[in-house]
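To start, the structure itself, in structure tokens.
Per-chain residue numbering starts at 1, and chain names A, B, C, D, E and F are given in the order in which the chains are listed.
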Amino acid sequence: MTLPSINARNQFRGKIKEIVFGSVVSEVDIETPAGIVTSVITTRSVKELDLQIGTEVLAFVKATEVSVAKL
Amino acid sequence: MTLPSINARNQFRGKIKEIVFGSVVSEVDIETPAGIVTSVITTRSVKELDLQIGTEVLAFVKATEVSVAKL
Amino acid sequence: MTLPSINARNQFRGKIKEIVFGSVVSEVDIETPAGIVTSVITTRSVKELDLQIGTEVLAFVKATEVSVAKL
Amino acid sequence: MTLPSINARNQFRGKIKEIVFGSVVSEVDIETPAGIVTSVITTRSVKELDLQIGTEVLAFVKATEVSVAKL
Amino acid sequence: MTLPSINARNQFRGKIKEIVFGSVVSEVDIETPAGIVTSVITTRSVKELDLQIGTEVLAFVKATEVSVAKL
Amino acid sequence: MTLPSINARNQFRGKIKEIVFGSVVSEVDIETPAGIVTSVITTRSVKELDLQIGTEVLAFVKATEVSVAKL
């Protein structure tokens, strides 16, 4: 499943596995088929979206933010 | 496999499936277990890294760049 | 109106006023109550979202991407 | 008013309405004609710029950081 | 010299050495004491700021955009 | 010295001069020939990479994250 209305090409669906709360920003760790995806967002957003362990979310990233390393 | 020396928490290994060349930036589409990951990097970097279809690469993203949508 | 399900704190609703197409990325200029908001996204996204002049869209930005200058 | 010397196309002038201090980063909420714009910057910058409630500032964002959702 | 009014902690002063023009974005290469710093900005900004080879500019980056690799 | 396998065009080598720890993100200040470069990364990454004062690191930034101001 994807959010078709968003231009972000890179979308990863999953469930929140862990939240590390800070006073300003929090770390949200999302279990996806691709492995753990980690996001840092404002703690205010975590509360307004009522994100909790187990909440289903979509992590997404703009293509301009993705770096590439050659293996 | 990951690049353990990089701080980016979100790393996706894969093979380049397609490159769309532009005069300044190019789109690099990478086939990963998580699905297609799309990166926009400078065309100069594509050439300097000698990226081609089939090249094994690691796409990575800083946690501060990852957005979250509630489903 | 906002997309309440997205964590991005900064959301600007508007209508597309102009699109400058490039081979890889395109510039989308959006007329909002806040003035013109300019976004650069992949041309692939412009096509997949079928964005055109007049399309109603929401521009949004992560708080970590916003810089501040003192006046 | 804008800062003409900066390439960031998206500039929002306003007054600081609230600051949430953290040990490393702080959230700065800016009241603009476009509504509240939220920025997360280092707490060190908040102090060096002497940002306080009521300080006039310009929030700005690179066009490559702006995402688009279709409504 | 720095722009003291900007929160970006990482500022590099220099002269433009090369500009690669694209229809939407352009690459601006800046010669600084730190070496060449490369920026991709909208071609519209290049024109509005009247950037040319030899123009003195300040390249700056938010601390949240800087990645770290261990050597 | 650079990491040739990374597409980030802007790489600054140096030694960590100071770390400001937060519960979620930390500020890492790196002494480079270009001056102090400041990075904000997750505290988890600081620990996993075992970054300490004096550790040799490479700070790097995507060209799309670099803003330009005219002097």
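Remarks
The definition used in the following text is that contacts are C-beta pairs under 8 Å (C-beta built on N, C-alpha and C of every residue); 3 or more make two chains touch, one makes a residue touch a chain.
Note that this is a predicted model, so its numbers are computed, not measured.
Taking shared numbers over all numbers used, the subunit D to subunit F interface scores under half, which places it in the different class.
Taking B-E and A-B together, the pair of chains sharing more C-beta contacts is A-B.
To fit its Cα atoms onto subunit D, subunit A must turn through 120 degrees, a value rounded to the nearest 5. Here the spacing of subunit C and subunit D, counted between their Cα centres, is 17 Å. Between the CA-based centres of subunit A and subunit F the separation comes to 23 Å, rounded to the whole angstrom. One finds 20 Å separating the Cα centroids of subunit A and subunit C. Among the residues of subunit B, those touching two or more other chains are numbered 3, 5-9, 22-23, 25, 27, 38, 40-42, 44-45, 49, 62-65, 67-71.
Here subunit E touches subunit B in the complex through residues 20-23, 25-27, 38, 40, 64-65, 67-71, going by the rule given at the top. Looking at the complex, you find that subunit B touches subunit F at residues 4-5, 7-9, 25, 40-42, 44-46, 48-49, 62-64.
The part of subunit E that touches subunit F in the complex is made up of residues 1, 3, 6, 8-10, 12-13, 27-28, 30, 32-41, 45, 49-51, 55-71. Of all the residues in subunit E, the ones that touch subunit C in their complex are 3, 5-8, 22-25, 42, 44, 62, 64.
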